[in-house]
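Beneath this line is the structure, given in structure tokens, with notes to follow.
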Amino acid sequence: MHQQVILVKGKVLMAIIVNQNTKVIVQGITGKQGSFHTRQMLTYGTKVVAGVTPGKGGITLEGVPVYDTVQEVLENHQVDATVIFVQSAIAKDAVLEALEAGIGIVVVITEHIPVHDALKFISYAQRKRAILIGPNTFGIISSGKCKIGIPPNQFFIPGPVGLVSRSGTLTYEISEKLVTAGFGQSTAVGIGGDCVKGLTFTEILKLFEADPETNAVVLIGEIGGNAEEEASVYIKEMTKPVVAYIAGKSAPPEKQMGHAGAIIRRGRGTYQSKVKALSEAGALVAEIPSEVPAKISKLLV
Amino acid sequence: MHQQVILVKGKVLMAIIVNQNTKVIVQGITGKQGSFHTRQMLTYGTKVVAGVTPGKGGITLEGVPVYDTVQEVLENHQVDATVIFVQSAIAKDAVLEALEAGIGIVVVITEHIPVHDALKFISYAQRKRAILIGPNTFGIISSGKCKIGIPPNQFFIPGPVGLVSRSGTLTYEISEKLVTAGFGQSTAVGIGGDCVKGLTFTEILKLFEADPETNAVVLIGEIGGNAEEEASVYIKEMTKPVVAYIAGKSAPPEKQMGHAGAIIRRGRGTYQSKVKALSEAGALVAEIPSEVPAKISKLLV
Amino acid sequence: MRIFEYMGKELLNCFGLPAPKGKVVSCADEAALAATEIGPVVIKAQILSGKRGKSGGIRFANTPAEAKSIALELLGANIQGYLVEKLLVEEKLAVDQEFYLAVTIDEGTKSPVIIASNQGGIDIEEVPENQILRIHTDAELGMFPFIARNIVRRLGLDLNNQHRKELVKAILATYQVFQEKDAILVEINPLVFSGEKIFAADAKVIIDPDARFRQKDIPYVEDQTETEKLAQNLGISYVELKGDIAVMANGAGITMSILDMLLYYGGTPANFLDISGGTDTETTARALEILLAKKPKVIFINIFGGITRCDDVARAYAKVKKECSDIQVPVVIRLVGTNQDEGKRILQECGVEAYTDLEEAAAKAVELAAYAPAGNFS
Amino acid sequence: MRIFEYMGKELLNCFGLPAPKGKVVSCADEAALAATEIGPVVIKAQILSGKRGKSGGIRFANTPAEAKSIALELLGANIQGYLVEKLLVEEKLAVDQEFYLAVTIDEGTKSPVIIASNQGGIDIEEVPENQILRIHTDAELGMFPFIARNIVRRLGLDLNNQHRKELVKAILATYQVFQEKDAILVEINPLVFSGEKIFAADAKVIIDPDARFRQKDIPYVEDQTETEKLAQNLGISYVELKGDIAVMANGAGITMSILDMLLYYGGTPANFLDISGGTDTETTARALEILLAKKPKVIFINIFGGITRCDDVARAYAKVKKECSDIQVPVVIRLVGTNQDEGKRILQECGVEAYTDLEEAAAKAVELAAYAPAGNFS
């Protein structure tokens, strides 16, 4: 996958996917979420070079020029990544616009995107060899370097822990505990809370394994789906330690997908199945969030 | 593009796209055209290893086993190429079936395929990096080695002339004249008579340029479209001589596509435009078919 | 959004896969009339639950009189927690062969998947692995007849051409409903041959709730309690549970985690309530009222402020406290993030001291619930 | 298959791009009635030809009486070889801005292409290159609003948001007709802004004749002579030309080449007839009758046998010769390929010596035509 190596004044700096030089645009910049988080990203130090909202081209928001189309942005700016804040019904159009224009990193914050739309734009991203994070993700943040998404700024400071998660607020919670315990994060990535996602746990874990700035990884999962079980296959091969926390131990069994879902999952998806797979792969599994910094502390100090 | 180099008993044998070892299946083998031409191909020496007709699996036709699906064929035979004889309405399904199964050479004989279907399967073939010849083509014949398609057997004998054409019977006519004049063909390829096609003139010319068995190329074109003008760009670069014949000098101007077509073609498409482009590129242009062997004769003898 | 069997069958029929001859009825006389027209029938309670057969929701009638008496029995009955309001009265088919067929989404491959088995009519989870086919399609390219033919072949059956064609048709129709109707599941179990024809004898269809805006011709089917509906109208997620500590938090993951934490410390959550979908003061106040109405022993609120502002939530609490003249239930609140100081100040004015540490707050909530008077808990 | 303007406009309207208010009429009273309802109107002859304006096929009427008199004049008239049977009576719009918009297929890129220009209303071939946009789409992925927005931006116009949205809508609708209706051309010239709204003021739509089997809701529109129709029903291609040597051959390329050859030798072809679509004896005999009916000076038949069998064609000749008691016109036949010897034998029995060399045969046909009595040629 993508490992960016950047030379700044002769020094090699690494980060997974994004870094301090990543130039970002915001699609849906004039909406409530888009404008709020553009301000937050700028405050964090992210190089937000432009925004897109059809029909609003020409204005400036938080000092960032707004365009009608992605194509027009690319004629005027160098762009590495885009973050999607548009409403769910038009998200497919926005994502395809970014991919078709050749943007290599697409972070889809929007939630409630129809899953058939997500299937199609994820497939198209693979064809275009682009990195797609989400949908329904908090985004990606390489501490102190670049934040693309919505995590609160104060809980992400540089440090040795890589963080990958399916859930936003839970990640902030654990991140805050880590920071309080003295552990910053190299990069934190939200793979997204929907059933189909662009980057998976495994792909992110591979990047952390190769990242010299990351010494340990925290994986935050949830019941449902196969993602944690599939990640466990790779965790077995990793040289870096992994601490995992899985939410949903007490949640009632999901009613919806029924038999066909069960057939796809083949017994996977439960809290027990995930904890078993992770433990067997050598990950340390925390029972409650506060156990995460404790386990990291044992590993890294 | 694809240049096949095959070692048989230590000797290097070349041909463009197909050769004496190419294993072929026939989709639509039990139809009138499919069965007739399967017999003809077998007579020519083509290695027809299987046929496909849904619902007819299990029978044998001309000694060739028939299956219901391409997938089933591939479980039982090694296959390099397929030739499509199914009726036009289901041609897209048959072509996609072959491509999805991973067959690398697809020759689409069927005519009257809806152009929107052709656009889609040609695009999919590109994605799968497969060679697609046609639709509405007579096929491909590497003289004495392999015939995939419908040309009459007797007019194709081994020789130094590469032949590429948009039209079937006209090709046989010229091929017969060449053979009578003592010039066999290395390979003859029909790019197809429809407005969108898989392989183009230029792609075939490149293969002939690289083929040690080909010393000169005959290009048989028609009025309409840009194909000959686009080929001329490459002919300029070729080291091997090209003789061209364009049919339709006396045809009334095409009524159909009107302005938009004209905008796409920008003045190209007429007899005059094609002859001018070809001549300027260094091709010798024959006025009537019988001039073709005469010009080849001058070049090669 | 799961839809009723008869609706799923109508969709399948639109794309060329028929159901047995049948009628949807909502009174016993209609059931009798349908049986008069059709002959021997199967009568199926239209509820949003599987395993109706085991709960008496699927019955057979040979005469109109029998149909009427069964309908009288079923209509208005409660099966697996669902009120039976409609019945599907359908021809009792002579079944020659049964299949399982479904199309859904495989999150592992990020693509649609067709699941088929020649072991139909029984619970597919009980069918041996090696008798279940899983065929993935390309999300962009979609479905083609050749894929259906491959499935039919790989089912490994000795079928005549007519039956093969029928099965191909059924697979294409099922996939089309999945594709065109934004379904996340279309499941037919069993798919049956009766004579030369194929029929969907059952249909379970779940429509992607996020795609309802463009599937307006599919009627909205309700599968929620009154409180869940109320919450949905507010744009927030609410699920009722059986414990005594009411929970409000922002974010699905953290809310789930809080339920786990309460159990970890020995408590029991009364609900799951994620307010991240609507976080202004007014919506939060309404959400709080939902919790109060359930009369829990303790209310536990956790706000990790991002776009959700701590002061908004604090103001919501203050507002509800004032409107209800007083909140009797003890409330444990933990606030962190955007505008947390202002939020804590507002809460102090209401006499509530906000926590900063989540585990400490959760443990406190469990402790309060353990000592609360039993009568408060409905 | 080109369809009438009003049909194209109906299709566009189905996908969200309206035409000006209008009515299709086939008598003068209806035209007057339409003008009464609509007000000042433009009356457009519905014929399958462009440049109607220059031939008087597009007229304006301010009153119902004017509309009636124009309709009387146009209905039944012959414009550019077409009989006017229907008129489109349409509101005369106040036009603020005009565009050219088309979607067709670019054979070079093997993909759909959208062509747009802000120089609408005039002949697009006269618009300078740098004012014409060509945007290609991915044949598999299709069209999306962002592509339309890119086109609108690149048109380089100073439009307000309402106008931009209207233009995006128009582009999407035009593309959808192209995609959903198997069109090979959808051309709107001009596309106009009238106030805040956009309208298709004209529509030229050509449907892929090979896709008619799945576009059954689009009416069949005839654009052929009686003889061409007859040929089409036989499954063969026939085009009338103005010369005196009737031509029958198998294969479009070779048939075109034969026309060229006849001209090369100083003759003139009377038609293009490619029998490769139907090559049995019966069809070939019927095709031969079509040629005979046109009373040419010479009939020239060239068969290069492949799947077409020379003996079938020879038998067709023998059959027609017998049925017509005799064929008066000289016939030059060249036979090569499948069953050529049997074919030649049959022809010899009819007293015709078949040629083997094409050019020799073509030269002979020209020679015979030059010496044929003039009266034979109608």
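Should a chain be cited, it is by its letter among A, B, C and D, assigned in written order, with residues numbered from 1 in that chain.
Heads up, the rule we're going with is that a contact is a pair of C-beta atoms (placed from the backbone, for glycine too) under 8 Å apart; a residue touches a chain by one contact, two chains touch by 3 or more.
All of these numbers come straight from a predicted model, not from anything done at the bench.
Using the mean of the Cα atoms as each chain's centre, the chain most removed from chain B is C. The chain pair with the larger count of C-beta pairs in contact, out of B-C and C-D, is B-C.
Note: centroid distance chain A to chain B, computed from Cα atoms, is 49 Å. Our note on geometry: chain C versus chain D, Cα centroid distance of 55 Å, whole angstroms. For this pair, chain B with chain D, the centres built from the Cα atoms lie 28 Å apart. Touching of two or more other chains is recorded for residues 140-141 of chain C. Residues of chain A in contact with two or more other chains: 124, 127. Because contacts link the chains in a way that matches no line, ring, star or complete pattern, their graph is best described as other.
Every pair of chains meeting the contact definition is listed here: A-C, A-D, B-C, B-D, C-D. Chain contact summary for the complex, chain A toward chain C: residues 33, 36-37, 88-89, 112-117, 119-120, 122-124, 127, 150-152, 154, 165-173, 176, 193, 195-197, 220, 222-223, 225-227, 230, 245, 247-252, 256-264, 266, 287-290. Residues 2, 50, 102, 104-108, 110-113, 115, 123-125, 129, 132, 134, 138-140, 179, 182, 184-185, 187, 189, 204, 206, 208, 210-211, 213-214, 239, 241, 249-254, 256-257, 259-264, 269, 272, 276, 304-307, 336-338, 358-359 of chain D are the ones that touch chain B when the two sit in their complex.
Of all residues in chain D, those touching chain A in their complex are 141, 144-147, 149-150, 153, 161, 164-165. Residues 140-141 of chain C touch chain D in their complex. Residues 54-55, 57, 68-72, 90, 92-94, 96-97, 100, 124 of chain B touch chain C in their complex.
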